[in-house]
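Two complexes are shown next, each including subunit A; its partner changes from subunit B in the first to subunit C in the second.
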Partner chain A sequence: MNALPTRKLEAWRYTDMRPLSAISFGEPPAVSATPELPDLPYPRMVFLNGALNTALSTSFAFAKPYAPFAVRGAQPMVLINAEHAKGGINIEIPAGQDAGELLLVSQASGAAPFAFHPRHRVKLGQGAKLTLIQLDKGEGTYWQNVVFEIEVEAGAKFQHFRLQQEGTEAFNTTTIHADIAGDAAYEHFTLTLGAKISRTEIEANLLGQTALAHLNAAQLLGGTQHGDFTTIIRHKAPNCPSRQTVKSVLAGRARGVFQGKIEVDQIAQKTDGYQMSQALLLSPEAEMDIKPELQIFADDVKCSHGATIGALDEEQVFYLRSRGIPEADARQILIRAFIEEALEPVAHDASKALFEDVLDSWWGRQ
Partner chain B sequence: MLEIKNLHARIGDAEILKGVTLTIPDGEIHAIMGPNGAGKSTLSYVLSGRDGYEVTDGEVLFNGENILEMDPEDRAATGLFLAFQYPVELPGVGNANFLRTSLNAIRRKRGEDELDAVAFLKLARGAVKQLAMKEDFLKRNVNVGFSGGEKKRNEMLQMAILKPHLAILDETDSGLDIDALKIVAEGVNSLRDEKFSALIITHYQRLLDYIVPDMVHVLAGGKIVRSGPASLALELEASGYAGLEAA
Partner chain C sequence: MSTTTEATIQELAAQKYKYGFSTDILMEEFPKGLSEDIVRLISAKKGEPTWLLEWRLKSYHAWLKMEEPEWARVHHPPIDYDDLYYYAAPAKPVPKSLDEVDPELLKTYEKLGIPLNERAALAGVAVDAVFDSVSVATTFRDTLAKAGVIFCPISEAVKEHPELVRQYLGSVVPAGDNYFAALNSAVFSDGSFVFIPKGVRCPMELSTYFRINARNTGQFERTLIIAEDGASVSYLEGCTAPMRDENQLHAAVVELVAMDEAKIKYSTVQNWYPGDAEGKGGIYNFVTKRGACRGKNSKISWTQVETGSAITWKYPSCILQGDGSVGEFYSVAVTNNRQQADTGTKMIHIGKNTTSTIISKGISAGHSNNTYRGLVKIMPGASGARNFTQCDSLLIGDQCGAHTVPYIENRNASAKVEHEATTSKIAEDQLFYCRSRGLSEEDAVGLIVNGFCKDVLKELPMEFAVEAQKLLAVSLEGSVG
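Entry: the complex of A and B
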């Protein structure tokens, strides 16, 4: 197997994969457990331990058989995926087609540690549209190492909403490579709640004028969970907007990481880049590492970034309590308000409602 | 209604209140005036239950119950309301939602039915209109981007909806122009009845032109040093607070 990354690599400085390398992962066992699916009236592709389960899946007109395409990135996790991948979705939306929604579910369970490496491909032709709602769930010790290759052709719009609720002993590493053509949009939102260690790494290339990338995320972690959201947005054409709002709520001894890099090529004049990362630490043992990076070679660009890390404002808590709201409710209201901004760009009511539901129940478990 | 008996309180090592005694009967409005640093805001925070203040002696009875052991939310449920000197901004929290959550939390604690969204909105819209506020007030985030006057009006809106038995107005008049001042006064006056009392903390006499108090007390050096009828406020305006601490 290709080597796992170590913290000596700059890109992995804040995420230590040694707990993963200490485990010997076998092949995924066959399962029959039926996952609990959200009540959404969309076509669905359901993977159990990395294998497509046709009985649980419904037909989706634009799904093609899996083909092990060549990966483009050379990140350590991508190389490992390339070595082991056995399945994944392969979606092609023809030009001009509004394909509606698709639910992509991954459910994992097994007695002994196992690993699987889905390799997904999504391509939208010119002016096509797709909303992909991705749910990752499971229990037991396993490692899901996902690679996504995304191509959004001119004027197309791909909404990618992801809910990561892996089991607390699981590892999830997801690497996404997105090429976005002129006037096209890739709108990504990940809500990270699960896994012992998780990392989402997105590389988005803005290749034509007014191509747009939204890479937003929220992570709510407790216990000893570790969540890493790492992005690189490459502005390779003029007039492209990119937006990132990343919110982390960390309880217990949880640790959050956000690394966001914006590269602006010389040709990419009038780039409009925005990046904001905010973390709320609910305990003195929680930790957040934020690393914004701007690399700008054009001279007429607007790129802003900001980062804040803090605790709940006790003034605000008192204000709510003085109006009769019990302390626990007051804190929950303020945490929800903090997350709200990251959810705002999720321009899809059913997905937003799904996220709001799990956020409400997260609080109850803390 | 409210009986404060020999109240001593400190922040850290600094003793701020050094034996405040004060009674506000049902239906009366009392004003507390005094120089900066006299302990006016400390008194309002101790009464509403904010952390960081240590009561070292004395008691506070509200309708016969000692409230000093109660959480702020329980004090609110018994009918105590503090209008903040500096209302707090709550980004991401809608004003209507905030008001409804607050009203229903209080109603729940009192064993009353919660108001549904429709009934609440009707109530809130009526209150907004009465306070001459724009209706978008309800849609905005709590106090975010509000002017000083708007924030104070928002406090009055909360008061109008929560209908407390005792309102403490902590320098609600500071930074207000005359029009906003009149609205605040109207907010208090409209609640005036035999079941409603108020404690108005102010630095200036101006607000008391519009809310005529039954009594005026002077707080200086952590104690009430003088009490008198409404005319005392005018006297203080003319003579200032100098020399009062020694009295």
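Entry: the complex of A and C
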């Protein structure tokens, strides 16, 4: 197997994969139990331990059979995926087609540690539209190492919403490459709640004028969980906006990481890049590490990033309590309000309801 | 090392005992390259005690095991460390009068408003022939001595205050801290030593500029400043005028120690030769600067205006150990032509209620690259810690780069960390407004850039601030129009 990254690599300085390398992962076992699926009226593709389950899946007109494709990039996780990938979705939406919604579910369970490496591909033709709702769930010790290859052609719009609720003994590494053409948009939101160690790494290339990348995330972690959200946005054409809002809420001994890099090529004049990363530390043992990075080679640009880390404002808690709201509820309300801004790209009611449902109950479970 | 060189060293070492190694001519014959013998020679030449020699050797051996860092956004051909002089380079002919100095350089002095008699000194004209400041220096020394302040070359401090030097040297930047610091620790030439005793407020701003006897501190400068309980000092380093220097590699180390309630303000204006328009021949400035706020409510403040050098690699840092201690970093870095700057700070919060402020202004023009790289680290014990960081970059022209690489690590829930960064260019309407008032384009840019840097420039001591403003305008010459 290709080597796992170590903290000596700059891109991995805050995420230590040694707990993963200490485990020997076998092949995924067969699954007998039927998973609980969300009640959403959309076509669905359901993967059990990394294998497509045709009985649970419904037909989707634009789904093609899985075919291994060459991966780009040389990130350690991508190389490992390339070595082991056996399946994944392969979606092509023709030009001008509004493909509606698609549900992508991954459910994992097994007695002994196992690993699977889904390789997904999504391509939207000119002016096409797709909303992908991706749910990762499971229990037991396993490692899901996903690679996503995304191509959004001119004028197309791809909404990609992820809810990561892996079991707390699981590992989730997800690497996404997105090429976004002129006038096209890639709207992404990841909500990380699960996994012992998780990392979402997104590389978005803005290739034509007014291409948009909107990469938002929220991570709510407790116990000894570790969550890493890493992005690189490459502005390779003039007049492109990019937006990122990342919120982390950390309880227990959890550790959150955000690394966000904006690269602006010399040709990418009139770039408008915005990035905000905020973290709430709810316990004395929680830790947050932030590395926002700007690399700019064009002069007529507007790029800004901001970062804040702090605790809940006790005055705000006091205010709510003085109105008769119990302390736990007051904290829940403030945490929800803190997360709200990150949900902005989720302009899709059913998806938003899904996220809000789990967000509303998170603090109560801590 | 070739056997010939080894033989030469042996020969020289033998000579030392024979003649005492004291004449200038012998000093100039110091061979190139670095070895344990050279380190021993440097130490012997300075008549250093054994502990210092051992410390140098320890640093040298640490250096041998280290690799040159590659993480900074700077590019240069590999440095051949065996092709450098580590003590004093053979003297090159110096200009005998101002008439022999490059007229371009003189023009710059004029723009900066440098007094006539100082121009010659800066241009490297033999000092004794130019102006006699010995009397001035003596007056200063008397005033300082009365206050109990020690301000002397570090080589002198080693002889006269060995217990102080031994206690503090390397206590902030350890011998094996990083590649360039280890190199410096092994071969450091000279530098300043400042000691402010308990409760003393240094009666004047200390400046290397007035330390006439130690004008040529060489390329491996070592500075150590200690402020005891309740003491305070403001130290000025460098000079706005471009300095003539023969050494391409500069690896300095500056250590500051502030005890209870002590305050140290360290201001730098760095304008070493940046090389020609193609970047040839400029200085490599690889500096390690670190201050330790050891006492409660102590304060260390770094202010820097960096306009020179082909490459700047410099991260003045604060270790905020004492409860309630304060760290500040105010920086303006200007790069033009082919200059490269990778600079920033580290604020390590260890004590309770420690606060730090970082204001960094980067300006890139021409084909240059300007990077802010910084770390704010809040340790678990630093309850109530507070940091505010602002990094702004200004780009002039579309061939340059401006980069920001901040690291923020927070391990205490009661700490509050804020960071913001922006990148922009000079607005056309601002430029147009100034131009319509009759300012030339260059003057207009100078004015706008000065406004952009105001938050930092106002932290500079008065006389530095005035010169620094002119310096910014001069540094950006030729970048517009």
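Some observations on this one:
Throughout what follows, the second predicted complex is superposed on the first by the 366 of 366 C-alpha atoms of A that agree within 3 Å, B and C clash if a C-alpha of one lies under 4 Å from a C-alpha of the other, contacts with A are read in each partner's own complex, and residues count from 1 in each chain.
As a convention for this text, a contact is a pair of C-beta atoms (placed from the backbone, for glycine too) under 8 Å apart; a residue touches a chain by one contact, two chains touch by 3 or more.
Given the structure is predicted, the values throughout are model-derived calculations rather than measurements.
In the superposition on chain A, A:10 makes contact with subunit C only, while subunit B stays out of contact range. Shared-chain residue A:303: touches subunit C; no touch with subunit B. Once the two complexes are overlaid on the shared chain, A:338 sits against subunit B while remaining clear of subunit C.
Look at A:115: by the touch rule set out above, it reaches neither subunit B nor subunit C.
More residues of subunit A lie in contact with C than with the other chain of the pair subunit B and subunit C. By the document's definition of touching, of the two partners only subunit B reaches A:315; subunit C does not. For subunit C in complex with subunit A, the touching residues are 71, 378, 380, 393, 395-425.
Interface residues of subunit B, counted against subunit A in their complex, comprise 48-51, 71-73, 75-77, 81-82, 84, 87-88, 90-93, 98, 101-103, 105-106, 109, 158, 162.
Every residue of subunit A that touches subunit C in the complex is listed here, in rising order: 10, 266, 269, 279, 281-311. Remark: subunit A residues 313-316, 318-327, 329-330, 333-334, 336-338, 340-341 touch subunit B in the complex.
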